[in-house]
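What follows is chain A paired twice: with chain B in the first complex and chain C in the second.
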Partner chain A sequence: MNILQNRQTIVLTSFLIILIVCLIPLFQLALSFDFSVINNVNTVNLSTLFFDSILIVGAASLIAMFIGGVLAYYLATVHIRFSIVLILLLLTNFFIPSYIHALSWSRLFMDESILNTIAIYTGMDIKGSTVIDGWFGTVWVLALSYFPIIFVAVYLSCLRWGQSMQNAALMFGSPSRARIIRLTFLRVPLLVSTLLVFLLIFSDFGVPDLFQIPMYSTEIFIQLSSYYNNSNALFISLPYIITSCIILWWIISLTKKISLSLSTADSNPSKVRVSGPVSFLVHTLLYGCIFIVIVLPLLNLIYLTQDFEMFFRAFELVKTDLLNSTLFAGFVSIVIVLFALYASYGYVRLKSHYKEGLRIIIFLMLVLPASLLALSLISFWNQEGMMGWFYQSEGIVVLGVSIRWLPIAFEILLIGWLFVNEKQENAALVFGVGWWSVVKNIHFPQMKPFILSVFILCFVLAFNELTMMVLLSPPGLSLLPGRIFSVIHYGPENLLAAICLIQVITILVIVSSIAWYNRHLIISTQRA
Partner chain B sequence: MLKIENISVSLSNSVILDAVTFNMESNSCYALTGDSGIGKTTLLNIIAGLQQPSSGTISYNETLFNDTNTFLEPWLRDIGMVFQDLALWPHMTVLEHLNYCVSKDLTENKNLFIEQVLQTLHLQDFKNRLPMQLSGGQQQRLALGRVLVKQPKIILLDEAFNQLDLKLQKQMWVLLKEYQLKTKCIILFVTHDLKNTIEYVDKVLLIDNKKILYKT
Partner chain C sequence: MKIKFLITVISAVVFSQLSGCQQTEEVIIYTSHDRNISEPILRQFERETGIHVRVVYDTEANKTTGLVNRLIAERKIPRADVFWNNEFIRTVHLQEFDVLSPSLPLNPVKNIFSSNSNVSFTGFAARARVFIINTNRVKDAVPKNLEDLTHKQWSEKVAFANPHFGTTGTHFSALLSVWGEEKFRYWITALKKNKAAMLPGNAQVRDQVVSGKYLIGLTDTDDVNSALLAKKKVQMIIPGQGSHGIGVFMIPNTVSLVKGSPNQKTGKRLFDFLLQANTERQLANSPSAQIPILHSVAIPSNVLDIKTLMIMETDPKEISAQYQKMLSIFTAIWNR
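== the complex of A and B ==
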């Protein structure tokens, strides 16, 4: 088989693997659908659930868009003191799972909380206040958990606005008009990231479960775990899947516009310097916003832990879970990175209109509710013999979490492959000494930053994954999110806060270590 | 001698090249010309092994490059190529480019040889720069440098000098001719600018109506 045929083989095998691993369990689940549930479903309840979910998710996405968009725009375009620290703090927020945000915010007005203590100290009476709860709490916490995605997208897009674009914009109008043109440039990334956040919030399980708000993700989970009603779960998922597919189609059509303008960046225009009252206002707004959004919930967790002794007791209790979670997340990330690299390479090198099929199949895994995905895996793998052995092992959790987060890795690596175009590869084939020399000298050095970002991202997502862990974990496998899930219901508050803090610290330490170890890579990527 | 026999290429049910046949003698320089989109780059890619023809045979002396059962990988064909958009590797410096491409038979004095090529191409002061830090002309010289350090028997140039001024074009041609004198290689040069090329080539090949027409 020659090199040209090899490229086609990569495409075909990646299709085949996805078909076997992801689609066959889903087909099997669809085939086992019991049509009698259609008559028994209360359509009024279903439509109420649907519209309530859409309202909550829509509101949270809009708030996230506002917070992420405004912060990104100001930090990228205005000269702000200690902006690097602020950006790092904002990124920190991304690594904290939504259910830990929910835990911290829901306990912000408790008797033992930091706010209540400050209020008592200052003579204010906020005791018994339950502002961060119910619908409002769900929308607020979901928005705060996911806005960093929008922040990153808009911030990076702001950096792609080059000096030549600024000059061109200034030539055709006033500075305010140039600002409007710049804002329209940010429209597409803002919309794409908001839609992506909408999808992620739609599938979030931890926050609505904690605030006990009926949403799609929790309702499907209840149908599975409490009533063991697969057909009902499948049926009520349909409006969810259709909505997600429409949003997905929208995202894909919008991302084509972004990739077309990838090569437009040159040096950035210098940041605007503000002074006097405007500077005070902007700095207060940004510092205040970041304090409320990130620092306050973290401080509350520390305060709720009460003392170091509790922290160390919690560490003793969860150290095995912590090690399991770290090893598990590391292994899952490697699996996802390897397969996403393979499939995304096949996708970019395939010259066929049908290749969109591969992208849609992969993305389907993101739009399906995690509980439904887990259900399809359970019903497919829970058999006698070898399949049963796999089902009883940790492999089923690795498979479930890998399938769930593969689309994100695939999309990021697709962007990476845009920089390693076929011409470069052809040149390397002509001048090199074989396929391996191309991979080692051309592909890998250029893809390294993307591989690293995908690894970190998948590590965080796998480490924090809750739904798949709860539904698929075999007996004996104890992971940190599962431990938090059980302590929420049965454990003391200070222990819960301490475990959450341990999870946050672990993720931050691991991610910062990887980033620090590869700092030269990050700096060279920024320069490039 | 490079023999191209009955090479046909079809893409999406439309025929690009139809039973193209021609030979190229060693120590000769050929210009390949024709309208835009007529299949000049496709033909170069097929000779280099970057694209497979629908049918036909390509061989160089005793070595079979391509037929219905055989496909010799691009890196085994002893070909050097300057691509239309140069296809430089953005993460490699000038020196790293040349180190990657330098002939694998050259074990001794490799560094000295690379230094000589850098000097000939006036790139010695830029050897630690990335392609994005070079001007258009310097990038084109680097693309040619990759070919020279590989010391191939067949050189394919796809509009290689279109960003260079006439003086520099002349210098590059002198360089190529010197190299050809030493190695007796075949040069195939795709161009739209016959006026400034004609004095350096031995034969002009014209692609028209999916066939090759010879001109002297």
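== the complex of A and C ==
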């Protein structure tokens, strides 16, 4: 019984830690908020900009939903050759930072690009084509950067649709009706992942900037950089924060449905074999789509690099930044995973009606503009003594980036905890099994896929983080994304392309190694 | 066992990374200058003096304003010793926030500001605000003054950067100060009527002119030079020259000591080092092709010579004072 009481202490401690870590920046922002400087806010312009941004973000999310949903559906339900390779290629897009996507696509129509070279060879001239500029490029690149999230959600849900569910669906009528029932089953994960993508796209500042599209996030940034007015920036962030909270509430209610469908479904679905014109059509659609969304921009980067010598020159230039970025992202990911694991455990075991409020507080860390979050952390931590020592160390940037991406890790791990049976845990604790044994033998084996997924996701997000780095990184810490932006200004183009390729390859190698290790572990566990 | 080994290796690497930064004499510099331009100069200082330089670089992604916000946020307990800015208006802003120690201006800065200006920062190597022209599409009649951009023949063909950020904001504030409100309003209104395009930054202005989407761009000399180095079909036109011109607007680099900084002695040494002729020479020879203003140094052919330029007479304090007003005038007209 004592041990069960200990669990209550752990739950409450996690609750307290979350509150302290997340409320510090919020309180700091609230304390520095000054109503008297709320000015110069042109409401008409802001509201227009807000709705324009909603339209662009909405369009990008819908395209991402379409690409991710259709590809996932076909790859999960139809027998396709080399499907594993195709899935890996599609997931690659998420590991490439959105600004590298933007750079690659904007350079696809340049004089030296692979597309233009092919066009000249075939007698066409696309020199100076500006088709990718503006809102079209913004929507397209944002959709391509974030569709893998929807792809994963739909693909995993399709895998949960087993033979027994197919048989049950067929009892309601023809195969086409069964397909409709399956689509209804996919509706919730499709909607949840699309809403998540919507939120991530809304806070993406780099892509609209590179494609010269004014967005709502730009206006928030202007308040900070042109007027040094944090209060105004926070004030005009409110519509975005409120919208995000409404979306979160929607996601919470939808994820409850997901957990129900996950717990009732079985696995090992059968794949449909197609032949003749249908097979040709499906294969053309898949391969064509994959070529356009990932192979073409990557090939263009390789083509722009021109030769191996440039690749090695770029590597020589960025090798320290690359090592720093890898170590930094690895360490931050471990911190986020541990913290989110602890926080989400506390959340699922807490018996309180007010715990949804805690979820909102954590979520605010994601929707607060990164600059505001960083400035509030500076105001709090930049003190004399121990706090000052922490502020001047790498710790502050680890804390900042961890807080920023904690909500995503927290939400994913919450779903993971649904698979851990509380009765197992209670039984072990009542029979006097120690906490470490419970974590090692009950929690960890069941949570491992979620932990690794969160680690990979946070690694990619931390590796590509830029705003927090400029505002919080201690002097002398040099990371790769900053280096890329310093090369964007003066080029040369082949060096820029080579550095982008190095970043893509590094992330892919690390992420693939972790995924391979995970698979290896699963296979050896099954054999045992 | 494997995990323990892995943890030991990672800890050793992290520790070696961190401990590598610990040296007795050091200086902390925040710089908004592009890293590939400023890093060789700072490394040279390190080699010559043995003082370890710890740098925080800004990025174009933040419109190089991230560090200004950081300096303001840190002003109660400063952490940086030196701030090297690639322009001057935000240096004046930081002085207004009482972040910087008052620096004595070196006399040659008077070369690029009006003789009665109340300069309170130290400037060196400058960039100029110029036109970039797509020579594939514009053969003869090129614009010579800023007013020419409003001519009908350049309708939908002119691009400039968002004045909320970067050197365009400084330039427009200077125009407001020199022309007065009426003429500035008229010019912005005429630009809007002529369907000029406002792009996010100077680099985008350069790229769009190179691509041919726009034919004329208002940008900085370093951007034009980078396009010329890449052998793009563009030409640099210096506006405001000749008897009726107002001169070309110059934007010097500024270097300042941070008030109450932790390493004041080493900070002063770096400050002095940056103001030597060698820095101006390196900046002139870099891809940014900056114009020496403090020292008479040999300059490459692609760098403008300050002696041959007619310079716009301005007062930095006045430009800074006009900044907010310029933004509200511009926003009101442009968003109408």
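In this text, the second predicted complex is superposed on the first by the 498 of 528 C-alpha atoms of A that agree within 3 Å, B and C clash if a C-alpha of one lies under 4 Å from a C-alpha of the other, contacts with A are read in each partner's own complex, and residues count from 1 in each chain.
Methods note: contacts are C-beta pairs under 8 Å (C-beta built on N, C-alpha and C of every residue); 3 or more make two chains touch, one makes a residue touch a chain.
Computed from a prediction, not measured in an experiment: that's the story for all the values here.
After overlaying the two complexes on the shared chain, residue contacts for A:Gly330 are found with chain C alone; chain B is out of touch.
In the superposed model, more residues of chain A are touched by C than by the other of chain B and chain C. By the document's definition of touching, of the two partners only chain C reaches A:Leu471; chain B does not. Of the two partner chains placed around the shared chain by superposition, chain C is the only one that A:Ile488 touches, whereas chain B remains out of contact. In the superposition on chain A, A:Ser275 makes contact with neither chain B nor chain C. Comparing the two interfaces of chain A, the one with chain B and the one with chain C have no residue in common. Those residues of chain C whose C-beta lies close enough to touch chain A in the complex are 10, 13-14, 17-18, 21, 28-30, 34-37, 54-63, 65-70, 72-74, 76-77, 79-80, 93, 97, 164-165, 169, 199-201, 203-204, 208, 211-213, 222, 226, 229-230, 287-288, 324, 327-328, 331, 335. Touching chain A in their complex are the following residues of chain B: 45, 48-52, 71, 73-75, 77, 79-81, 83, 85, 87-92, 100-101, 104, 130, 132, 146, 150. Only residues 2-4, 419, 421, 423-424, 426-434, 437, 441-442, 445-446, 528 of chain A touch chain B when the two sit together in their complex.
By the touch criterion given at the top, residues 40, 42, 45, 99, 109-110, 127-128, 130, 133, 205-206, 209-210, 212, 218, 221-222, 224-228, 323-324, 327, 330-331, 371, 375, 378-379, 382-384, 388, 391-394, 466-467, 470-471, 473-476, 478, 481-483, 485-493 of chain A touch chain C in their complex.
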